[in-house]
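Report on one structure; see the data block that follows.
Here the chain labels run A, B, C and D in written order, and each chain numbers its own residues starting at 1.
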Amino acid sequence: MQAAQILINALVLGCLYACIAIGFSLVWGVLNVINLIHGSFIVLGAYLAFGLYNALHIPPWYAVIVAAPLFFVLGYLLQRLVLNRVITAPVLVTLTLTFGLDLILNNAMIYFFKADYRKLTLTPSLGSVSIFDVVVPVDRLIATAAALALTGLLYLLLRRSRIGRAIVAVRLDRDAAVLMGVNVPSIYAIAFGLGAALAGCAGVLMALIFPISPLTSSAYLGKAFVVCVLGGLGSVSGALAGGLLLALVEGVGSTFLGPSHATTLSFVLLIIFLVLRPQGLVGRKGFE
Amino acid sequence: MNQSWVARRVRRSFPLSAAVLALGAQLSAASAEDVIRFGAPLPITGALAPEAVKQQQGYDLWAEQANKAGGVSVGGKKYKVQIVYTDYQSNTPRAVQATEQMISQDNVNFMFGAFGSGAAKAASTVSEKYKVPTLAATASSSQVYDQGYKYLFGTFTPNDTLTTPLTKIIKTKVPDVKKVAILARNDLFPLAIAQEMEKSAKAEGYEVVYSEKYSIGTLDHSAALSQIKSLAPQWIFVTGYTNDLLLVRKQMVDQQMKAPVVTMIAGPAYQEFIDALGPAAENVSSAAWWHPAEQYDGKDIFGTTANFVKLFKAKYNSEPDYGQASAALCGALFQIAIEKAGSLDRDKVRDELAKLDVVTFFGPVKFGANGQINSLDPPVFQIQGGKPVVLFPQAIKQGDLKIGVN
Amino acid sequence: MTRSNIALLVLIAAVAALPLFGGAYALRLGTIACLYAVLALSWNVVGGLAGYPSFATAAFFGYGAYAAGVLLGHGWPLWAAIAFATLSAFVAAAALGAVLLRLRGHYFAIASLSLAEVLRELVNNATDLTGGGMGLNIPLASGAGIMAEATFFFFAMWGVLLATALMAIIVGGSKLGFALACIRQNETASSMVGLNTTLYKAAAFGLSACFVSAAGGIYAAWVHYIDPSDVFDVLYSVKPIVMALMGGLGSPLGVACGAFLYLGLEEVVWRNYIQIHTGVLGLLIVLLLLFLPHGLSSLRPDRLWRRAKHV
Amino acid sequence: MSELLRLERVSRHFSGLQALRDVTLSVARGEVLGLIGPNGAGKTTLVNTICGVTPANSGTVTFDATEITRIKTYQAARLGLSRTFQIVQPFSEFTALDNVAAAALFSQPGASLKGAREAARAHLAFVGLEAQASQPAATLTLAMRKRLELAKALAMKPKLLFLDEVNAGLNSAEVERATRLIHELAAGGITIVMIEHLMKVVLNVCTRIVVLHNGTLIADGAPREVISNPAVVEAYLGQKYAQRSAGHG
């Protein structure tokens, strides 16, 4: 019985992890930038959901629709005005720059929202549903469904739309894309905007389940790292594969080794994958 | 990927102007006419930031009351009170640096300890060396007071004073409790409480079927909780800070975990915990070093507990919890000691603190030889009907333990 | 022995004069300044010279703090504990480097970043050895008064700084430094001319670890109480990079100046903006990277016209 | 003449693409072997496989009587296998002198930096670059960089030198000068394997030619015979043209 419960937990959590990681993976894959603000974007999204729910009673699954454009614009401007100036710099500079930006954003959130923990509690609490004594909370199911919808939407965008094809082209080979007439700087800005929108939406969904505080941004960022490396970069399937693997490892690990070893296990797994299979489960070798 | 863009070695014949060390060193020390300055290092940023807000509220309330009453009388002369804050970023080494900076640079007269047992302990080494009396408002672990320091005092009784009375109540009130599960945050204070709990439980003959730690920043506890659920303990004991306990409690409800007794320490005492969880907080039991329902008639500036609660609500319009109360108490105790010593001499004030035996709004205060208070019975309480109800000590009992948490 | 290296040694000698006129707090700042310079100079060997973006400094620092802390707890004298921490860090980092340094760019950055995470969790869970989440008490190395202890630890850290600076200078002029420069410019071409890249990279990673570990050990003895989330804090990995970028990558003198400058800024910012100092620090980092990618040393007038040509 | 390099049934594939198929080849000491074939025939892959950049998936490579199939690139360099790159790979921030010094320093373990710099100066003089000794490599012209590659290869005191299209992108005067250098090297007794498209140079310098097409050796012999061999012409110019030229032999 317990095995089924762990499996279901891992499945549900895995989709959430995928949703947390997909924006980060897109920015890393396309712009070749490790975006350390990603965690704080998620927390900002959670605050937005908290504000909308308490002030205007807009439940999170609708708030996602509000969050996406807002965060897209935020991401687009941030890339255009700040990140674009150092986009050709080595990883050292871009990574440290996003670290600096994260310090600013995180500190601003502590300053304006005060650091204490907030929890978005839906007044008609949704309780949980149980299928032959495996119990799953409804709000988590909704978040997982929305997460899958979000990743599916991105998958379609990348596959079907012109912008999507251009983004994938830039990810595969920037120089070739330029020759094909792709306006790379604007694609960078759009991709970063998309990444921020995905982070914001993930944050809104997380607000359903986890407490909201600027201090959780590093936890979200850590998960995004591990999921990207395990699953493989810049692709939706990679994020899903990585998310599910991480959730399974943490679930099994904490059951048999104790919860405090779960995080250790995930980072050890990260290093093993990095050394043996840097392109991840489903990624393709051949790009930095 | 060729990295010559920045990493190119730049040949330079002569470096920048002289080292900037001098730039950072000096800060003008405020002129100290008749003002008593108290140093208060707080984790304003970083993981413990929510606790800093509470501590500051306690200190400010006392300072305001003291100054409103004309200040602290030192040998007949009235001195204003000023509290010097600094942010040590929830980083213990920074707390040590902040303590030394306040003592040697800002020339504070006395010190309030940093938040929590770890930082308070590390910083106490510095204040001990400078022989500055320090009152730690939130350091409960006995390890903090095991270095034989003379200038360190703490207003929280040892951790076992929380777990032992609780275990006794459960032993008498809930006879069918046999198996106990303990889940603790891997941090000094929560881990120390969990270890004390394990001792008290085993002393009462309970079988501890699960005793594990969860790492700081864990987002998802469902794996650990489902394992606990499969062991079906009657008593689930979880330690951590407000955020962790909110998360654990919510995920227990998500997994429909039921148990006759669920105890959580250091969360339910906070109003945010009750507001955030609503019905899920029902019947969760806990223990803390102080509770607004207590009725003590103190000799300190606040007088009765009720008066303290009234003043606190007037200033911050929220129920005070034990963290805020303890911070205000430290101010009040310093005031009593200074007025008794009749001087700002640190050794005299220290001796007064050591000899202290006074009833305050917080309860009877008497420090043991190691500086840790040993005269209080921390109240045990349970959340009933959305309000914390005191179960122990007998003097302020408000209700009986309700069984069954779902 | 280039002029900039001589200037570096002169600068370090000048720092040694601090106890003559500084109080206990100035000594504390001086000790932290030496610590920062050790971190930055050590990082520079693998980050500046070899061009590998290492975020592993925090892992080595934490390792040194706990290795020495545990040994001091078991009665070892301070110098023995520090020596062990230094040597074991070199060997461990060299072995680890041979594996991790096969990765490049982002992948190496992430692997080195998660090194500190893994080490912190291992220490967190080895409760009986390291005290785990409860932290570790380290017995007082010397029970003397305030000034005596402050001066003792200042010179201990200063000694490590001197050793690190000498290492940086020697490596800069040696075959190892030359090899690392080749690797940074073009690793494939380097192996084509017979350069055993794995060996030299592992040596560089070891050198970037041993003195940081020594500094970690002295730090542990100095603060008497350490806990995992403090000594494995990611800031110990990021700060040396910002310092090196501030001073101008590659040259030991620039990096050391960057370290001292960073401490000055951090102290001023931390003192005056209680609520928003992390934000201000973030702003400094962003402005530095956007407008002064070659570090402040590129501000000198005679270099300005050359920089203009680049833009 | 004793044999210096032997390849037996060497194959190499890149996940599906069969770059080399059962190549068997032997190179004697002092030979100047021309390695020709259309683009994508696997010429550079063959050199990379010998030097250990892309180790062979099957078959064996023996050099100077020691098996080097699984060798690491830096070990190959130290055994005296040195090469120039089709796309030039200098250490751009180093001066020309340091570029060559790097080769001298690391190819002979135990060499000192000072000694390597002195040796480098001599090699630079040999290729006529001593005037540019203290110039950063990035500022050299293409022709100069090609010669710098040559000087670097020489600094490794090679027993077997691979020249990968060393004349590509050079004007006729520069080709003339490069060919003279290769003559001098061959005269000095260094065994050379040249990947080259300019038939004029091949015929002028090479003592023997092998032709690679789709990863397999399709011809091996004296330069004159090989270039008139119909299979070779077909490989280069396609089916139709081959019949016509065969018609009037």
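In this section, a residue touches a chain if its C-beta (ideal position, glycine included) is under 8 Å from a C-beta of that chain, and two chains touch if they have at least 3 such contacts.
All values derive from a computational prediction rather than experimental measurement.
Set against the C-alpha centre of chain B, every other chain centre is closer than that of D. More contacting C-beta pairs link the chains of B-C than the other of the two pairs B-C and A-B. Inter-chain centre distance (chain B to chain D, centres taken as mean C-alpha positions): 74 Å. Chain B has its Cα centroid 35 Å from the Cα centroid of chain A. Mean C-alpha positions place chain A and chain C at a centre distance of 32 Å. Within chain D, residues 92-93 each touch two or more of the remaining chains.
Within chain A, contacts with two or more other chains are made by residues 89-93, 107, 222, 260, 263-264, 288.
Shared interface positions of chain B, i.e. residues touching 2 or more other chains, are given as 1-9, 45, 47, 186, 213, 215. In the complex of the two chains, the chain C residues touching chain D come out as 174-175, 178-179, 181-182, 185-186, 188-197. Touching chain B in their complex are the following residues of chain C: 3-4, 7, 11, 14-15, 18, 22-26, 28-30, 32-33, 47-48, 51, 104-105, 121, 124-125, 132-135, 137, 145-146, 149, 181, 184-186, 219, 223-227, 229-230, 233, 245, 247-251, 253-254, 257, 260-261, 263-268, 270-271, 274-275, 277-278, 293-300, 303. Across the complex, chain B meets chain C through its residues 1-16, 19-21, 23-25, 27, 44-45, 47, 85-87, 89, 91-93, 96-97, 100-101, 104-105, 118, 121-122, 125, 129-130, 143, 147, 185-188, 191-192, 213, 215-216.
Of all the residues in chain C, the ones that touch chain A in their complex are 47, 51, 53, 99-100, 102-107, 109-111, 113-115, 117-118, 121-122, 124-125, 238, 241-242, 245, 275-276, 278-279, 281-286, 289-290, 293. The touching residues of chain A, when paired with chain B in their complex, are 1-2, 5-6, 9, 13, 88-93, 107, 110, 114-119, 121, 125, 128, 130, 135-137, 140, 209-211, 213-216, 218-220, 222-223, 250-255, 258-260, 262-264, 288.
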